[in-house]
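After this come two complexes, each holding chain A, first together with chain B and then together with chain C.
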Partner chain A sequence: MNVQVENHDKVLVAKVEGRVDSSNSQDFERQLQGAIGEDVKAVVIDLGQLAYISSAGLRVVLLVAKTLGQRNVSISLCALSDPVQSVFEISGFNRIIQIYDSQADALAAAG
Partner chain B sequence: MGDRDRPDYKILVVDDEPDLERLVRQRMRRHIRKGKYGFEFAGNGVEALEVLTENKDIDIVLSDINMPKMDGLTLLQQIPEVNSDLRSVIVSAYGDMENIRTAMNRGAFDFVTKPIDFTDLEVTIERTLRHLDEWRAALASRDKLVAIQNELDVATKIQQSILPDKFPHVDGCEVYGCMHAARNVGGDFFDVINLEAGRIGLAVADVSDKGVPAALFMMSSRTLLKGAAVGVEDPGAVLREVNDLLNETNDAAMFVTVFYGVYDPSTRMLTFSNGGHNPPLVVHPDGSSEELELTGGLALGAIPGFEYGQASVRLSPGDLVVFFTDGVTEAINVSNEEFGLESLQGLFADGRTPTAREAAEMILQAVQDFAGEAPQFDDLTCMTLRVADE
Partner chain C sequence: MSATLQLRVPNRIEELPGVSEAVEALGQEERWAQDVTYAIVLSLEEVATNVVRHGGGEPGSSEIEIEVTSSDDEVRVEVRDDGRAFDPFHEAPEPDLDAAVEERQIGGLGVHFVKVLMDETSYSREGGRNHVTMVKRRS
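Right after this comes the complex of A and B.
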């Protein structure tokens, strides 16, 4: 698992690679929370290179979404592979977190 | 580096030669000034034990052998009773192999010979301290592991204590459930609840994350679910109530995926609501099977005020409903391949019609056979509802 961060103006893009499960979800949380600065207006999490996410990983996404929601910072996900998309659909998280097909769509909406 | 008052390491020098203290302070003055070493001095074994009793933080005892009152070899035997977290270095006459051997047998870590060569002594002290640091680090990580293991044991006990081990005997159907907990303890549970008019509440659930917090969250989820199920008829309303209650105190953003269904044996109707859980599989007597529809739900605990939909399906005689957690379909083998839904469906493709118990045990066995030597990361939970044959 690896998180790479880019800043597009005040939109933070976090690209997550590999697998997120209970063995590294704490590390995932630290990396993600650590990357989100004070002046960020929106966060886009690009899951294009994410192969697998377990419920422990979903919890981190939910936690970050809740934290950002309290600060009125928008959060969205993009570029989900089919298996990852299916995890979000079954858990119902696609109903509470905005998901876009591509990073460009997510950035356009966040801009 | 330690703080100003306390050196990094404390060394007790035990020798009846009065000039040695001055010599040590002089030759080690740079280390003393930098705060690396601090020294205490004692004139014999008895004094040494007194110093050790008063100073529990001594790291090294550097002791002569021949001294009045108590010699160095006797001192070596006494030290562990006062402090077992230090290392001893013995100072002996050159070539005195007999005493050196006795000293090493009595637990000395190393020795130096007289007359003391201070360069050699420094090397010996450094080596001893390195050993001591590693030893202490190993002890600390062992203690940490023991603490984690204790925590996991607590979680396992919580988890096991809430699983039903008796299943209701109901005309027209049969229910069974079993679980294989992962070593690192997840948060699966299943429940079978006797409701009014012969109906049965069936729940299978999976808490995000692992360990004691997850086990406690599972415990409250299960209690709330049971409470709501007894008072509320519609599965969707049950999940809504549990979700709102779980959201009242949930700073950690934990959640639990729950499938909850109510089966009425008299009509063979299964009414269900899916709170973010992987859908159960309905297996027909001819071996065909399909997943139950998702009902537009959401994992419980995620956000308050969510409305949970529900759906119904009329089962046929001989149908088998398999409720499970994703530990079953996402189990991986040594080649990192997933067991998958197709393999689960394949178990029934030949059209045999096992009992509820046979089916649940067969599934867990098949998953374990598939996983082989690969470590089990997640709990395996399987509950089955078998509609009686006509």
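Right after this comes the complex of A and C.
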């Protein structure tokens, strides 16, 4: 698992690659929380290269969404593969976190 | 055609990626569909993580026995451990799927995934051991 960070003005894009499971979800949380600076106004998490996520990883996404919500920073997800999309649907997270088909759509909405 | 994978791993979280890898390799050999593989790897990780986190023993103090049997029409997954008695399908809390992001509780999702993604789930306590069975049909 690896998190790559890009800044598009004040929108932070975090690209997650590989697998997030119970063995590396703490590292995922550290990398993601560590990447989000003070002056960010929106966060887009690009899951296009994410092959696998379990409940341990969804827990981190929810934690980050809660932290950002308290700071009035918007959060969205994009480019989910079919299996990853279905995990977000089963969890009901697709109803509480905005999901876009592509990073371009997510950036347009965040900008 | 039928194939069985048997694994015994110490009750440590760090052992679980190796389990996922072995199950994915079986899925490739047996030509499981992508959603079948995801459902099985995910359900096994969720159940085994529960055993490690809630079984009560120190990490590495006992073993988890895993058996995955792939046949033409279904994949059967069995997990046995000697941790404290715990029926994940009836004792784990149900997540509130309709709660807003601020109110949504952290956790409780793993067992929910298993219930939704697998076609059959059962639990029994046999000879002081927990025995979880999960079945996924291939079509």
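Here is the rule we use: the second predicted complex is superposed on the first by the 111 of 111 C-alpha atoms of A that agree within 3 Å, B and C clash if a C-alpha of one lies under 4 Å from a C-alpha of the other, contacts with A are read in each partner's own complex, and residues count from 1 in each chain.
The definition used in the following text is that a contact is a pair of C-beta atoms (placed from the backbone, for glycine too) under 8 Å apart; a residue touches a chain by one contact, two chains touch by 3 or more.
These numbers come from a predicted model, not from an experiment.
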Chain B and chain C placed together on chain A: clash or fit? clash
Given the touch rule stated above, what does A:I90 touch, chain B (first), chain C (second), both, or neither?
both
Chain A contact check, chain B vs chain C, more residues touched by chain C
- Which of the two partners, first being chain B and second being chain C, lies in contact with A:S74: first, second, both, or neither? neither
Which of chain B and chain C A:S55 touches, first, second, both or neither: both
Original post:
Touching A:Q98, do we find chain B (first), chain C (second), both, or neither?
Top reply: neither
Overlap of the chain B and chain C interfaces on chain A comprises residues 21-23, 54-56, 58-59, 62-63, 66, 90-92, 95-96
Per the touch rule, the chain A residues reaching chain B in their complex are 21-23, 25, 54-56, 58-59, 62-63, 66, 89-93, 95-96
Per the touch rule, the chain C residues reaching chain A in their complex are 13-14, 16-17, 20, 34-35, 38, 41-42, 45-46, 49, 95, 97-102, 104, 106-107, 109-110, 112-113, 116-117
Chain B contacts chain A in the complex at 184, 186, 206-210, 252-255, 257, 275-279, 294, 296-299, 302-303, 326, 330, 377-378
Within the complex, chain C is touched by chain A residues 19, 21-23, 52, 54-56, 58-59, 62-63, 65-66, 69, 82-83, 86-87, 90-92, 95-97
